[in-house]
Structure formats: structure tokens, C-alpha cells
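Next come two complexes, and both contain subunit A; in the first it sits with subunit B, in the second with subunit C.
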Partner chain A sequence: MRKKLVAACLLACMVFTTTACGSGSDSKAASKSGSDGTGSALFTGELEENVTIQVLENDTAISEGYFQELIDAFNEEYKDKGIQAVDANMDQYLDLANDGPYGYGPDVLYQANDVIMKYAEGKHILPLPVEDLDCYDQIPESAWQAYQTEVDGKTYTCGVPVNVQAPMLYYRKDLLPDDWESTWDKDSDGVPDMTENWSSMYEYSVARHSEDSSKYGYMKSLNDMYFASGFLFSYGGYIFGDNNTDASDIGFAAGEAEKGANVLSQLASAMNEDCIDDTITTNAYSKLADGTYFATISTPDVYSTFLAELEKEYVSEGLSEDDAAAKAKENLVMTSLPQLPESGDLTDGSTEMIDSKSMGGVNGYAISSYTKAPNACLEFVKFATSYEMTKLRAETLGVAPAREDAAEEVGGVSKEIYQNLDNGNIILMPSITEVSQIWTPGQTFFIDLAKDVYRPESEKKYTSLESMKAGLEDMCNQINEAITTLQ
Partner chain B sequence: MKNRITYKKSAGNLLDTGITYIILLVVAFIFFFPCLWLILASLSKSGSMYSFDGFFPQSYSLDTFKKLFQDTTMYNYPKWFLNTLFVATGSCILGTFLTILTAYTMSRFQFKARKPMMKATMVLGMFPSFMGMTAVYLLMTQFGLINHLWGLILIYAAGAPMGYLTQKGFFDTIPKAIDEAAKIDGATNFQIFTKINLPLAKPMIVYTALTSFTWPWSDFILPKLLLKEKNLYTVAVGLMSLDETEFARFAAGSVFIALPIVILYFCLVKNMVDSVSAGAVKG
Partner chain C sequence: MKSNREKIREFLGNASAPVKLSFLIMGSGHFRYGARGKGLIYLLIEISMIVYLIRRGISDIIGFFTLGTVHADAWAGVEGDNSVVMMLMGIFAWIVVFAFVFLYQQNVRSAYDLQKRVEQGLPVPTLKDDLASLLDRKFYMLVLALPVIGVCIFNVLPIIFMILIAFTNYGGTIVPPELVDWVGFDNFKKLVVLTKFAPTFGKILSWNLLWAVLSTTLNYFAGIGLALLLNKECVRGKAFWRAFPVLAYAIPGFITLLAFKFMFSYGGPINQMIISHGGTAIGFLDLDAKWSARIIGLLVNCWISVPSIMLLATGHLSNRDKSLYEAARIDGAGKFAQFWKLTMPFMIFATTPVLLGQFIGNFNNFGIFYFLRGGLYMDGYFLASDTDLLINWLYNLSIDNNYYCIGAAISLIIFLITSAISLVVYVKSPSYREEDTFQ
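And then the complex of A and B:
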């Protein structure tokens, strides 16, 4: 009798299991059939009614008031459909992988492409039917690629690019020498030479520091791989092979990348030991404002922070708040990176210049897999990436839009960044998970390179281009080992 | 001869006292200096630590404190402060109540599982509390207590009785003869606890309340784990979320958060000293 009971239980278990598996595959098949494009089958086009979607934006967009304008405009447009967007009110560096499955993550999130693609790999992000968006044709292919992933031979796009992040040169116009037009504008184009090429920047940095030992020219922490690696890319280096998708081919030492390391080393020699660690990155806002530094590089999204610090400085000098704001806006310049000497030597006086390349990122919107209202979320993404909102975003925050039409309209730096992206001078962060292994070995090399400048002559490690090449190759090996070990 | 000995003795005393004072002053300075630096940094006019003249700010103003309470668009410090106060007060009341009850039970009542329970709590107390954080997180998601300040209060209060040994030690010093006399006079266990032992344990209650208050007041890990919404942050989590350019706000927030603890300490220090000295005499 007992045996019969056990057999019956086992049979019941088997039947239930088979049924469960069967219905799952059916529903999967049904889901697949519901979608023609590459977007998730959840995007049926039928808007969920009376829903509130939580949107996670970046802090600058919130503090500058853009986000409030965006959700107000969206809520006004969709009030008849009962869709309301609200601030997710969470830390901008969220943990969707842990919080999402329990229902505590946002529905729509605005993040950098590498963050979104990390979530996409864990299936925490929905693939989007991007071909249906009106911004599709306006955004360059390279920006879309930053959000693409391939599964079973099919390409899925998991985010919509909104703005391009790339290093920009920040400098103070009012710190230029009085006679710069006669002494620092050899090509007489009305633009100071030091902001046009790194050789002049180096020369000016040395001159400024020798004139007053408390003042510096160009200052930037070298330990930041994001900013430093651009110098390697300019001379033929790259991150991964096959358009940043083949992690077995690590290219930081490729081409004549050692020339980039040499330029960095020369620039570090005109700074101080603060360039070895994070110090300059954190104090650049106040040091540029008080005139200690003449120039630095950073991303466009911190323009408002630089501006606010400079305004504060002018107010402390006795100007009214309005005058200080106007003066700061006039004197703080954000422009494209200067050109590099083809020779890779800032001191040889060569005039052959090449364009600077840089590592960049694309920030954009993505939709959480755990949302209860995917169609409403997609409407929000469509609305937020529309021409009007992208233009407003660029104007309010000073960021560079990924949309060509908005970049054209805003002009200035936005257009320059768009063009740099379009012509390949901005190398976007790869969207594969292996990219997370490049930072630590990279940082170790650049710290060592910066330290080397301040070592006694007899202890210097990087005395020639060959030794720099060897250092870069060592860094690539370390990255490879890290990737292989963690696979 | 006698005069010489007295002179030598007083000179020795003076030297001894002088050295002791010097050592105490040096130690006090070492501990006080970081606090002083933080207080001065919070009053820095420029708001950036990189503009300091050496160690200290060049000019001072109260602007950062004004900003801390008025500019709440991104960082709502007043709200964080109230959240912290709510969690600390709730945990303090509930935690003190549970700890005193546990300690009293373990001290006064003999029951079969008493010894095993004491041993078990002692062993469990040796494990660091953050060891079970993942389990706590999963449990709280199941109870729907993520993003609820009550969730924090429950965890703090439930964990508080684990440290009942100090309180038990105090109750052990109160002679059981008093309980027995009250029992002969017809008092119930509840009356003995509330009318006799509780008033005698006042210094220990104050000590328990103070420690139950200070732990949630300054804790970071648990609120960081359970609170996802910025408006629910406690001060510790909120200050850690500040942007790197907000150093002055961080310093001002850190100084202000210390105030209630300092005030509470000065108000209750007499009771705490009483608790220690009472224990010493009875022991």
C-alpha cells in the first residue's frame, strides 16, 4: 500500500513538473510571437492605465531642475491616460540587480552605457523596440552599439542614448597671459595655442609654475584610467579588438601607444605629486576657481559644478551674485581636447599634430525588467528622448546630446562632441562585462607612470619609449589574467 | 632633616601631578583635535577643504549650516535628522524594555532552559552582527519592511536583548532578600519587578537607554541595506551619499548629528556614574 502511495506521489510530481514545463514553453512561444522587432514581447503597445512609473535620473538633472520640467511635461501630456512619472528618489548609483527582483528598483533608469549593459547581461533590463522611436535615425550607429548585446545571433538594444560623455578641456580665460594674443597665438586664429595643442599647454604649464611656484598650468590626476587612456588611443591603442567586442585582444599597448604614455609623463612633470592620486580630480573645482590651476579635463556634466565654484570665488572677491554669474560664464571655457604632436614628444617643437582621442560613454534611458508597466515606461522614454526634451536637457545642463538634430541646434561644444563621436575620436566604453577588469591594472600602470616622474633619476623605470611599451604590455597581461581568472 | 623630607615629598608629588596632567592633556588633545578640525571645517566660508590655510579654514561663516537646513532639493538633511531621531527613539524605548525584561528574567527566575539560553546568547553574541545581513535583507523583503523605518526599529530592538549580561549583572547585585520580604508581604512577581527592582535599577535603565539610542543613531550598514528611498535615509547614510564637492555640508552634518548625543550624555552622565558606583559598593 505504502509503495503504491509513493508511486502515486511520484507520478503526481512528474505530471505537475511536465505540465509546468509545458506551459512555460508555450508562454515563451506566445511571447516571442508577439514581437516582430528586437524589443521585448512585453511592449505590446497597449498602455497600462492609472500607473505611476518611478524614474531614476542623475543628480545634476535633478539639482538643475531639468528633471522636474521633464516629469511635469510628461505628466501633463499623459494625464488623460492616467500615467504619472515620479522621481524614484533613490541614490543615482543604484543596485538594480539586488533591489529590482524584490520590487524596490526604479521602472526607468538613466545610467551610463556600461552600467546599463552590466544589468542587461543579468537580464535586469528589457530589450527595447528602438526602431519605433523617433530618435532612432538621429542617433549615430556607434551610440546605439554601446547599448547592443547579441543573444543567439540576434542583436538586442537595451537602452536609448541621450547624451555623450567625453573628456573636455576646462580652462579660465581670465588666467591667460595679458599678451597671449601676441605670444601664445602663433597661428593668429584668436584661440590660445595652449588650448589647441598639448605641446603649447605643456610649455605654458612650465612657464606659469616657474613664474609662481604656487600656480600651475594643466592639472589632472593621472590615476584615472577613463581620462588617461585617451592619450594611448590617440597613438593607436584600443581597449578590445573587433570593435570592442573581443576581450581576448587587449590593445592598450597596440600601435604607438607608448607615445601617449610619454606625453602623460611629460605633462605630469609640469604638475606636482598630487597627480599620482585622486587629489587633483577632487580639488580641481576649487583650485581652478581660485586660480591655482589654469586648466584641467573633465566631463561636460560637471560644467555646472565648475561654474558654481567660480561664481562663489568671484562673490568672495566682492562682486554681486549677478555679476559673478555673468563673469564666471564668460571666463570658464569648456572646449574639445587639444591636439597631440605626432612625434609623441611635447618638447621637440614639432608642428605635425594629430587629433586627440578619448574614452567616452553614452548615458541613456533603460527600462527595468521588473516594471509592472513596460508600455507606459516606453512612452516615457519616447517622450524624454524627443527632440524638444533632448534640446532642453542640453541647454539646461550643458551636456552634449546624442541626437544629431539637437546637437546641431544647440551648437558649440555639444556639436563638437557629437562630431567627435561621429568621426571616431570618442572611443565608447565597451558594453561587455570584461570591461570591468581594465580599471585596476590600468590605474596601477598610470600611478606608476606618474610616480616615476618624481623618483630620483637612478630609480626611474620609464626612461625610454621601450620601457613604456613594456609597462603597457605588462598592464595588458594583467588585464588578460584578470579576465581569464574570473571567467 | 624633616623639612628636607617634606620638601622632597611635595616636590615629588608636584612632579607626579605635573607629568600626569601633561600626559592627560596630550591624550585629550590627540582625541579632541579631529573633532576641533571638523567643527572648524564645518564653519569654513569657502566650503572646500582645499582652500584651507594649512590645517584650518581661512575664513569662517555659518553659511554651511544654513545651507544644510535650507537647501534640501538634493540633500534633505532635516528629514534625515528626523528619520534618525525616530529610529533611535523607537529602538531606545523598545530595546530598553526588552533588554531589562530579559536581564531581570535571567537574574531572578530559575527555569530549565535558563543556562542553555544564557550560553546560546553568549555564543551568538560572539558573531559579528553584519554576518547575517543578507538573511536580514531577505527576511525584510518577505515581510515587506524594506523602505520602512519601523523595519529598522524592529531589528535594533530585537537584537538589543542579546547584550543583556551587563543588566543581569546589575540585577544580581540587588539582594534577593528584598524580593522575598515583599513576597511574604503578599506582593506578586509583577509588583516586585515594578515597585521594587525597577526603581532600584534606574541607573542601569538610563545606561541601557543611552546605549540603545546611540547605536541606531550612528549605524550605517543596516539603514544602507534596508532604506532605498533618499527621503527615508538616516543621517549616516545621507552623509555618505553626498557628492565629493560637498565637504563643508558633510562636516556641518557630522557636527550637528553629534549634538543630541552630547546633550543626552551630559544630562544622563550623573545616572551612569551612579550606576557604576552603586554596582561597585554592592559588589
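And then the complex of A and C:
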């Protein structure tokens, strides 16, 4: 009897597994027929009717409610055509290359340029007729370039830039010295010098720490390549040659990049050992709030986290929640990165300054090659990148739009970021796959540079600009080896 | 060999026409000798095999060799071939073919057996009899069938797939929709020829072996020690004390590792204590910290693994023959002599397979240094750091680059090393050689 029971169970399992296999192959067969005949020529302008478009959006845009507003507005507008946009409800880290051909995946996706362009290599996203979009003239060339790919000698644009991410300086106004207007504003422009140039920032950091050894000025972990590499770019370094498309030319040591390394090393000497690992990156929110740090750099999307942390601190000091919120907003300042001394030395008192450059990214929309309604998707992209929606996105999420008119209208930091992008001060992350190899060698070099500051005098490796240049060249070699050795 | 030939000659001489017809039409011998049900099943197997071959089997096998000929182009609407899927379906087709060959052979053999039974006047088992025997005499076959099929699909297929990947150029820029090709031993040649490779491989392998031996020994003795301690009669509230290591065991490993990484970081509690007592912060896990990082790795691994060994040992220790200890005591053996001469041989006998499992697990312990000290490339190492194990190096080389083929080749080498070590150790161990010592 017992054996029969076991046998029955086994049989049931078998039937269950075979049916599971069966349904899998069915859905595959069904999707095959649907993906026939797609191509960029499909943007005929004739809208597919009665279709549902799956849109993969950014998590913050969903949680802050912007995405709901966007699809509500779109669905209202296209109600009579029967076009409906819905949340694709999929993971941000989906794999369109592997899932798309089998009918799984969104029709429209919003991602960072390096993610989107990874899909362009395998033609998993469609080339778009971007010249027809009303945002075309409003977005700077460099942002479009981040979405361009070359196939058989022809250039295609596979995405529409929406917002720009770049490092910003965060500092606390209420931690400025009381007499800053007379002592720390040499050019009398009403902006503290330490937020305008790194030399003054360094000077102030040293002064603040020597006054009270538990307090620091500017603090940031050096091990983060994303933030640290900007210092190299400012003095002539770059990531890859030929507009970030030629991985055989790695330029972190190019020009006078070693001056950037020197500046970083000087800044690190005014911090503490926490700058060697990611300690400062993780505790910057609370330490800026409790006044241990005066300034740090981070991306604009974490502004609300800094703000919330500062509010909490004010509340704990006895302020009411409303007062704390108002005071935090007043005192927490997010601004463009300070300028750098052309000499590459923060202590020589030189006044010749150059603009800081930084690594950045641009997020945008792309359309999957496997969509059944390319024209409706394009219509959605047009709608979502329009002036009104871009402005609303920037206002709701505090992000910096890639559209000039929207950036102008929103003003403030958004405008600053737009201008930095337009001036070429934001180096957009390369869109080629080789970029994944820059992080570990870069991180190792910057950790070594930070660690060197705290090594005993006799063990120091980076004592001159030449040794820093050699270190950077080593790092480029490592990246090159990582890319080419196994090719 | 000769006997086989004789068997075939005998078969050809004696087999009746319907049995010989079974070569062409499966189950015909069974029909002739009255086992209709079985005959019908064999016939159905043949028909479904032919249908499978026509519908996709043949193209799957051809695809296994070509790995695709049509390049997919989503822009042009060309669906194209997916080499990886083709290889997978090709392997599956081979498995089906081998299974069919086995059944085909069974069909002829069992038809011949039937003929002999009939000739000898023995009763012919009906399908019902056969099915009944599956629930009785051949019950093991029925019970094992599902696991065997499961193992084939979920274990054997991926392993064969992984091994075969090592002989292709899959990876780098060659991922679908690009077509993958067979490249023979090129990947292995690459590993041998690259000059940068050998020194790093040597350094990492020697540290990897040292790590595996040290961590296994440390975990094992610490686990047994803890079990013996908590087994002592004088310990009160054993369950309470045992709960602590189990708690450490219950927390997912990577969370423990991240917690330890924070503990030893510059801003972590240990450095905070050092600084508050007037010292300077120590970089326990940073760039220059070769041995301190390695030792922390060993101890953290101990923290994670000891509880499982302790639980295992607690079980085994309760099976000890107490009379042996009594006799040893009477003969004047001390505590240490008892431990080394009685407890250890018993434990080693009982746990050698587990110990080997631990050794292999530690040899391939990816998480420890990935979470404690990832993201560093050291001077003198090619794309690796001085705490990386082979498995971490494999990850740096293959996953960051998407070089699946190279990754598969290195995995095969790691597999050869670990399987050679485990085989030698196991064959030499008392668990294998003196199987009946403790029975």
C-alpha cells in the first residue's frame, strides 16, 4: 500500500513537471510569431491602435509618483486611439538581450546611457528618428552622442536623453565661520571661497580640523572612481579616446592628469584614514548632519537623503518639525564643483583657476526591438520627453533635465548641471562594454593614493608628480590588460 | 570480446523472424509472443522517436555541430539562430538519442528472452505482471527513475553544457545574437601561453591550497572542540550555549561577511576603540594588509563554518562506544591519549566525506574575500589581489569580461585539481579502506 502511495506521488510529480515544460515551450512558440518583421523602418507614423505599451521606469520616478502622472496624462491624451501605457513592473536589472527575443521585457525602457547602449550592440533596441522629436534641438550634442552607435558606417541614435547625473558639492551654510564674509570671500561675490575653489576648501579643511580635531572640512572617500576620476579629467585625462569610443586608447594618465592625483592626495591629507575605504561614503549623511563634516560630493539624486538626515538632527536639537525642515532647506546647499588651481597645487597660493570636470551619466528612453507597436512607443517617448513632462520630472524628482528649455525654467542646480554638460565639463560615461573594466584598477589606484598619505614617510610611493604619473600609467596598463588579454 | 561474438552468432542462429524484425519495428517480437502491452509501448517509443527526429531532433543535432548559421538582426526582423540555445538543445537531443539506443537494445534483448521462455514452455509475463513487478521486485527502478531523470536534466545537462562551453569562443563580444563557434583547445592554449598568467596562477594556487588546508583544519578542530566542550557533563544549560553558534549559522553568510568588513574598516568599531585609546587606525583589510586580511579571512570563515561542524560532531560523539573509554581509563590512558587514540580515529572515520566536502567548499570559497576585500588588483598579480582564491580570479577574468569560455576552461582546471585531491585523500582514508572498522 505504501509503495503504491509513493508510486502515485512520483507519477504526480512527473506529470506536473512535464506539464510545466509543455507550457514553457508553448509561450515561446507564440512569441516567435510576434517578433517577425520589426525594424527601424517600422516608424511609419501610422499609430497602432488598441495596444498596451509596457514601460520600464526608474524606481524613484515610480515611488515619487511622477511615473503615475506621466502615464495618466499620456493615456488621457491617447484614449481615443486605444493606446495605453502601463508600468512594466519589471526589475531594473532586466536582461533585454536574453529575454526580449522570447517576448519578455518592456516595450519602452528608461535606463542610464551605458545600460541602453549595451543593448544597441546586439540591436536589441531600435534606432530612433530623433530629428523628428521636438526635443532634438534642445538637447546638447554631447548628450545625443552618448546614445549613438555606428553600424556599417552609418550613425544611429538609439535613445533620447532625459536627465543628467553628475557629482555636486554639498555643504552646510551654518557651518561657515561667522566672519566668512570678511575672511573667506576675497572676491566679495557673496559666495564663500571654499565652495568656489578647491584651494580655499583645502585651506578651510585644515583650519577647521586644527581648531577642533574631531571636525573636518571637505570629506569624501577616494576609493570611488566615479567621483575621483573627475580630478584627472580636469587636467587633461580622459577615459577612452575618440569621444569615448576607442578602448585601445586609455587616457587616465593623459595630459597633466597627475596634477589631479596630486590635488586628491592633498585633499586626502586634510581628511583621516576613513578616506581610504568607503567609510566616508556611507557615513557622510549623518556626519554632515551632525557637523563633523563641512562638505562632501555626491550625486543630485541623494539630496533628499542629506536633507532628511539634517532635519532629523535639527529636530533632535529641539526644533519643531516644520522649523527643522525650513532650516535644513536653508542650510544644506548643493552646488557645482569648485574650481581647481591650474598649477595642480592647492597650497601654492596661485589664483589661476580652471573649471572642474566630472564623470557623469545621462538617463533616457529607448524602444525595444521586440515591441509589437513601435509607432505607439515612439509616440510615448515623444510625449515623455516633451517640455511639460521633462519639467514636471525635474520638479518632482529634483533631477537635472537634458533639455535646455526645461533646465532654464527649473533653474538652480538643474541649470548649472545643464550648463556643465553643455560646456563639456561633464564627461559622460562611455557607452561601450569595455567601460566595465575601468573600475577595479581605478579603485585600486585611488585607494593606494589615499593610503599613501597615511604611510610612514619612508614607505611613501607617491612623493612627486612623476611617481603619480607612473601610478596612473600602471592603472591604464591594468585596464588595457583586462580588456585585451583574453580577447 | 570472443564471448560477445559468440553470443551474437548464437543470437543470429536462434532468433526467430519476429525477434529479428524487432530491429526494424520495435515490439514486433513481443507481439508475436503474446506480450502485446509491452510490444505496443516499444512501438510507441519508436514512433515518437521518429516524430521527434523529424520535428526537431535532426535539426537539433545538426545545430549542435554548426551552433547556428543565421545571424539574428532585430532591426531587419531576422530572427536568427541562438547558438547557446542550440547547444543546449543539441545536448538534450544527444541524451534522447542515447536513451533511445538503450531502449532499442532492450527491445531486442527482451524479445529474444521472450522467445526463449516460450520455447522452454514458461509463462509469458503480461504488461500487468511487469507493472506489478515495478511495485514489488523492481520497486527500486520505479523510485529511482524520477531522480535519475531529474539529475540528467538539472545536473548532467548543465555540467556537460559548462564543459562544452570551454571548447567554444562564447563570451566577450561573442554573445547572442553573434554566433558562437567550436574552437577546440584554444582556450586552454591561451591559458598556458599567456606569460602574465603563469606567475599569478602559481601564487594564487599556492595560497589557495594553504587557505583550503588551514581553514578546513581550523574549522574542523574548532568545531569538534566546541562539541566536546558542550558535551561535557559538567556544562549546565547545554541547549542554551549551543544556541549561540547556531545563531551565527542561521544568519546568511554574506550578511556576516559584510558585518565583519564594517567591523574591520577604518570607521568601524575596532578602529574606533583603537583611536579612542590613543592609537592610530589600522587598515586591517586594506591594500597593504596582506597577512592581516588573510588571517581575518580565516577567522571569519571559522565563525561561519564552525557551527555546522559542531552540530555534526555533536551527533557523532553521542554514538561513541563508552565502554572503550572505560577500558582505556582502566589501562591508564590520559585525556589526551583518549582524544587522539579513540575520539579522533572515530571522528575521522565518520566524517572524512564531510571533511572532503568542507575542503572543496573552502577551496572554492568565493564569498569570503569577495565580500571582505573585493575590488583590488595588486602589483605582481594579474587582475587579482593577494587574498583572491582561484575562484575569485576566475570571476575577475571571466565574469567582468563576460569571457564564459575562459571561465569554463579555468573551472575545468579547478575541477581537475580538486577532484584529484579528493579522490586521493578519500581512497587513502580509513572511511574507504577500513569500511567495517566501526560497524
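Of note:
By definition in this document, the second predicted complex is superposed on the first by the 438 of 487 C-alpha atoms of A that agree within 3 Å, B and C clash if a C-alpha of one lies under 4 Å from a C-alpha of the other, contacts with A are read in each partner's own complex, and residues count from 1 in each chain.
Criterion: contacts are C-beta pairs under 8 Å (C-beta built on N, C-alpha and C of every residue); 3 or more make two chains touch, one makes a residue touch a chain.
Note that the structure is predicted; figures quoted are calculated from it, not measured.
When the shared chain is aligned, no partner comes close enough to touch A:K154: not subunit B, not subunit C. Between subunit B and subunit C, C touches the greater number of residues of subunit A. By the document's definition of touching, of the two partners only subunit C reaches A:I447; subunit B does not.
Look at A:D99: by the touch rule set out above, it reaches subunit B but stays clear of subunit C. Of the two partner chains placed by superposition, only subunit B is touched by A:N89; subunit C is not. When both complexes are overlaid on chain A, the residue A:S316 reaches subunit B alone and has no touch with subunit C.
Judged by the touch definition given at the top, the superposed model places A:N283 against both subunit B and subunit C. Applying the stated touch rule to the two superposed structures, the overlap between the subunit B and subunit C interfaces on subunit A comprises residues 282-283.
Across the complex, subunit A meets subunit B through its residues 59, 62-63, 89-91, 94, 99, 102, 104, 282-283, 285-287, 290, 305, 309, 312, 316. Those residues of subunit B whose C-beta lies close enough to touch subunit A in the complex are 45-48, 50-51, 73-74, 141, 146-147, 228-231, 241, 243-245.
By the touch criterion stated above, subunit C contacts subunit A in their complex at residues 72-77, 79, 82, 134-136, 139, 142-143, 145-146, 149, 172-173, 175-178, 190, 194, 196, 265-268, 271, 280-281, 283, 285-288, 375-379, 382-383, 396-397, 400-403, 406. Taken together, the subunit A residues at the contact with subunit C in this complex read 3-4, 6-7, 10, 13-14, 32, 35-40, 97-98, 100-101, 121-124, 126-127, 223, 272-274, 276-280, 282-283, 369-370, 433, 436-437, 439-441, 443-444, 447-448, 451, 455, 474, 478, 481-483, 485-487.
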